[in-house]
Amino acid sequence: MLKKFDPNIVAFLCNWCSYAGADLTGTSHFHYPENLRAVRVMCTGRINPLFAVAAFRQGADGVLISGCHPGECHYMQGNYLARRKITLFRNLMEFVGISPERLRMSWVSASEGKKFADVVKEVTNKIKELGPLSAFEE
Amino acid sequence: MINPYLPHQAKIQSVKQETTGDRVIKTFKLVLEDNSCRESFLYKPGQCAMLGVPGVGESMISITSSPTQKESIAFSIMRMGKVTSAIHEKEAGDPLTLRGPYGNHFPLDEWKGKNILTVGGGIGQAPLSSIIHYVLDNRTDYGAIDIIYGARTTADLCYKEELFEMERREDIRVHLSIDVREEGWDRYVGFVPSNLLRIKPSPENAVAITCGPPVMIKFVLKNLLQLGFAESQIYTTLENRMKCGIGKCGRCNVGPVYVCKDGPVFSYVQLKSLPEAHIS
Amino acid sequence: MDNQRFRDEAKRILSEGNVRCLIGYSKDAAGFRVSPLFARTEGDVERLLFSPLCNISLVNYLTLEKGALLESGARAEEDKIAIVARGCDSRALCQILAEKGISRERLIVLGVPCPGVIDLSRIEARFQGRRECAEVTEEGGAYLVRLGNDSYAVPKEELLAEHCKRCSFPNPLVYDVLLGEPVAQRKPSYEDVLAVEAMTLEEKEKFWKEIFGRCLRCYACRNACPLCYCDECVLERLSPQWIQRSVNGGDNLSFHLARAYHLAGRCAGCGECERVCPVNLPLMLLNRKMEKDMQALFGHTAGTDVEQKPVFSTFDRKDPEDFIL
Amino acid sequence: MENYGLKKDSLKEFLKTLQDVELFAPVRRGDVTAFEHVSDPEGVALDLEHQPLPAKKLLLPQTEILFAFDKKGLPKEPDFRGTKKKRFVFGVRPCDARGFGIIDSVYEKDCPDPYYVAKRSNTVLAGLQCSHPFPNCFCTSLGGSPSSSEGLDLLFFDCGGSYLIEVYTEKGQQVVKEAQSLLSSPSAEQITEKEKVVREAAERIQRSLSLDGVLRNMEILFEDPIWGDMARKCISCGICTYTCPTCYCFDIQDEKIQGKAKRVRIWDSCMFGEYTLHASGHNPRPTRAERLRNRMYHKFKHNIDLHGIAGCVGCGRCITLCPANEDLIENLQSIESAR
């Protein structure tokens, strides 16, 4: 029997919104898949796509980057800068044969516990559909 | 065939923080886990060993204990790069890997009957400490012992308690220094090479061994010659980045010699024949 | 290109006193190769030339000559370096200037309108085994190749370097002296990129796996790149170590993603990465893909405006975000 | 020495006949060829000119796992032999085979390297004589030749429609035995033809150098500004060292994927600034000039002093592939004429 595919998903969460949102998801008992490994960052603007590359190389099947809604960045514009970088990097991923669906972004505020659960569900389902990431194998 | 890259398991017996400040030095005493390894790990003062943290990497470190100290093998390590930082995180009881010993050693048998002078600076005292313990444990084989040692500040002095204790001994002379004046310090203030000139150890029937930062070594060598030491009476140790420890990986060469297997101990005469050593 | 006028200009520049050297080209004694020349004296200048064999970008030597030159805000009274720049090199200089990685006051740029240069491997293959000192000029859509007493006319497209066929910036944008008349611009085309884009994900993965699988990680592509001028490269970092040193599919892919991304919105299209690669990886495909998308998504073209902000340190509220949940 | 004739169109069949060996040979990868494990000899591509990497990589792989760590951090005893079968490497350039001899003097002596030694003793090297040496070849200046048998177990000579195979070792004989039915005694014509290709190949070498003056001048040139001038074009990449059949330096790194750690060794290059960089930030060879000087001294002085042979076989790869046109021969000539 084939072993059920249980994806590894790494999430880089903004300290000021999505990380708190994820906390709220837990305390509000919203259920979401357990495939997520969260890494707290001070702002999505701090994220270099190399973070995603390293995560993929280390066995992540998908990466989620979640930050503040447009206009609500604690540092004014970090999320806008992140959006640009990730937009371009997804194109690069697709160009070398990695589905861009493996690198997702979301805007989740500190009060959106429910939304965070929904995002994780959607990302996880999509990665399950895509199957394990093979491009980074030796 | 023996696999020289395969390390032995060692356990940290104790950790002692030697210095504070931004360049922390800790002394790690290690015991090899396996009995037969313990018996076959025979080293002499001056030799080095590869210490490793699995998954992080290895670093070549000089052995600071003397083979006469049977209970453990000691290494004084400055927190510097990736591996030394990982080692600094370790505590007594934690495992480390060890392979070696590597390189040549100080010719202590040849030095029997001679007066011993060590001139050290900072972490450079580590291999000299091995000599000092060896000589003290074979005290009657050697003549007078002079230890000149200095660091930037008292916080940067290694082996403080031990050296302060040695200062009180009759059979050994210890000359400590720091670079800048500090309250409560009644010993010499100034650089190690100047302290050497001030003390004026006699070159007669003596050998001088120096180890420390390159710029200190340069001036110590100059001053030793000025004091009348012959080139054949002066020894030092070199260090370079190393990976294999057995003269294969290539990077630690100084001209035609490999520090890992042909060194780390060199006499002044040998160094002079190596233009890449830049001693003159 | 009038090499005599070129040398006269070079002499004038070097005689100005505070110029440390002029980085240009000279012909190697044998064969088809042209090497960087670091001219100081009138004698050196006599060896200077520009010809279709000048296939090396010299911009990288600004970094190699002395890191200090690239420090922004360096004092103007310090010595200058003069450099020969083709269209793409001038574009690279323009991008570095926009990034404030170089001080304009310390540079003297001899711009050369460039109708394209010869791919060394093509001309060496075409004249296999010939080691005479070659002389090449371009005349009416063909290269005139002189080898000893023989001379040959070879159609330009047969020897032209691949990246030159797609160059839309043949004329220098940043220069102090322009040597020669501007040349006709080629229309930008991305057929090579479109061909890869048309593949399925599986086909792309296979295509790049074979390519990256060949990579030796010699880092020539990085070291030759005029835009790779960081003091410390991310590839050398040990903690955190973003890219492992092992040479295998996964780590090579990581390396090439990092390289391509770091040049996104910065690549000047000089083709050095492809030229130097000992295993002929088509690295410009990645750079050009980034160039094309930068243009389409953010209206950004690298190296065209010294006042331009780096693309990733600016944004537009209306940037696309259809993938964001 | 035994010798045989083999029809050219029987070559693939000959290679297929070798049952008890793992076959390694050059195959096409893009527009270059590379030595790889070959399961189907049809894929063998004997384009030795566009072959950036010599066969060195088969005995000294670019990335080699020294050992893995178990969960407790204990090293697991490695199997450095890799394969139980004998390896048969076909299509080795004679210069590259001589390169192994130079690596041997470091890797087989004075604390032998078990990973290398195991593969070395398990490998049969079959050379292909260079009938048409390449523009930058200068093997004849370093004691070799396009027809050198040094370091090889057998050597194939291209005699037009057939190969003449010379077998030099017991190891080589063992392998050839299996394909006996395809082999014949060489005809008188084949032997004459072989002598002709050997002679002509040597005549086709276009470049040469003399090391006498180089050695003498290296004694006095260490601090000379010549090294700065020489290194000025260099871009500090690893091409000259990676593609060299005699360069053997490596880096050791611990790498961890999903918590599984292993210790690997990877080719390294003395031309990289990081190669000698201490953790303290001190670098004994901080600029290109010191690094190029070290490479030249290592190959053309220290190796001769230590092992009696230059660390170069004259394959010409570093010249052909250098992105900055550093020309080893010209550099050596400038050392020779410096004083």
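Lettered A, B, C and D in written order, each chain numbered from 1.
As a working rule, a residue touches a chain if its C-beta (ideal position, glycine included) is under 8 Å from a C-beta of that chain, and two chains touch if they have at least 3 such contacts.
If you're wondering where the values come from, they're calculated on a predicted model, not measured in any experiment.
Enquirer: Looking at A-D and A-C, which pair shares more C-beta contacts?
Expert: The greater number of contacts lies at A-C.
Enquirer: When the mean CA coordinate of each chain is compared with the mean CA coordinate of the whole protein, which chain is closest?
Expert: D
Enquirer: If we define chain centres by averaging CA atoms, which chain lands farthest from chain A? Would you check?
Expert: Relative to chain A, the chain with the farthest C-alpha centre is B.
Enquirer: Calculate how many whole Å lie between the centre of chain B and the centre of chain C, each centre taken as the average of the chain's C-alpha atoms.
Expert: For chain B versus chain C, the centre distance works out to 49 Å.
Enquirer: Measuring from the mean C-alpha position of chain A to the mean C-alpha position of chain C, what distance in angstrom results?
Expert: One centre to the other, that is 36 Å.
Enquirer: If you average the CA atoms of chain B and of chain D, how far apart do the two points sit, in angstrom?
Expert: That gives a centre separation of 40 Å.
Enquirer: Where in chain B do residues touch at least two different other chains?
Expert: 81-82
Enquirer: Multi-chain contacts only, two chains or more: what residues does chain C have there?
Expert: Where chain C meets two or more other chains at a single residue, that happens at 244, 246, 248.
Enquirer: Which residues does chain D have that touch at least 2 chains other than itself?
Expert: In chain D, residues 251, 253 touch at least two other chains, as defined above.
Enquirer: Examine which chains touch each other and state the graph shape they make (line, ring, star, complete, other).
Expert: Topology of the interface graph: other, matching no listed pattern.
Enquirer: Please give all chain pairs that are in touch with each other.
Expert: Those chain pairs satisfying the definition are A-C, A-D, B-C, B-D, C-D.
Enquirer: Touching residues of chain C toward chain B in the complex: what are they?
Expert: Going through chain C, the ones touching chain B are 238-239.
Enquirer: Note which residues of chain C are touching chain A in the complex, please.
Expert: Touch residues, chain C against chain A: 196-197, 199, 201-209, 234, 240, 242-244, 246, 248-251, 253-254, 256-258, 260-261, 264-265, 286, 289-290, 293-294, 297-298, 311-313, 315, 317, 319-321, 323-325.
Enquirer: For a test of understanding, state which residues of chain B touch chain D in their complex under the given definition.
Expert: On the chain B side, the touching residues are 1-7, 9, 52-59, 80-84, 95, 97, 214, 239-241, 243-244, 246-251, 253-256, 261, 275-276.
Enquirer: In the complex of these two chains, what residues of chain D are touching chain C?
Expert: 29-32, 34, 52-53, 62-63, 135, 206, 232-233, 235-239, 242-243, 251, 253, 255, 264, 266-267, 269, 272, 274, 288, 321, 323-325, 327, 330
Enquirer: Show me the residue ranges of chain C that touch chain D in the complex, using the header's touch definition.
Expert: The contact residues of chain C facing chain D are 28-29, 31, 33-36, 38, 56, 60, 64, 124, 128-129, 131, 210-211, 213-214, 216-220, 222-224, 236, 244-248, 272, 275-276, 278-281.
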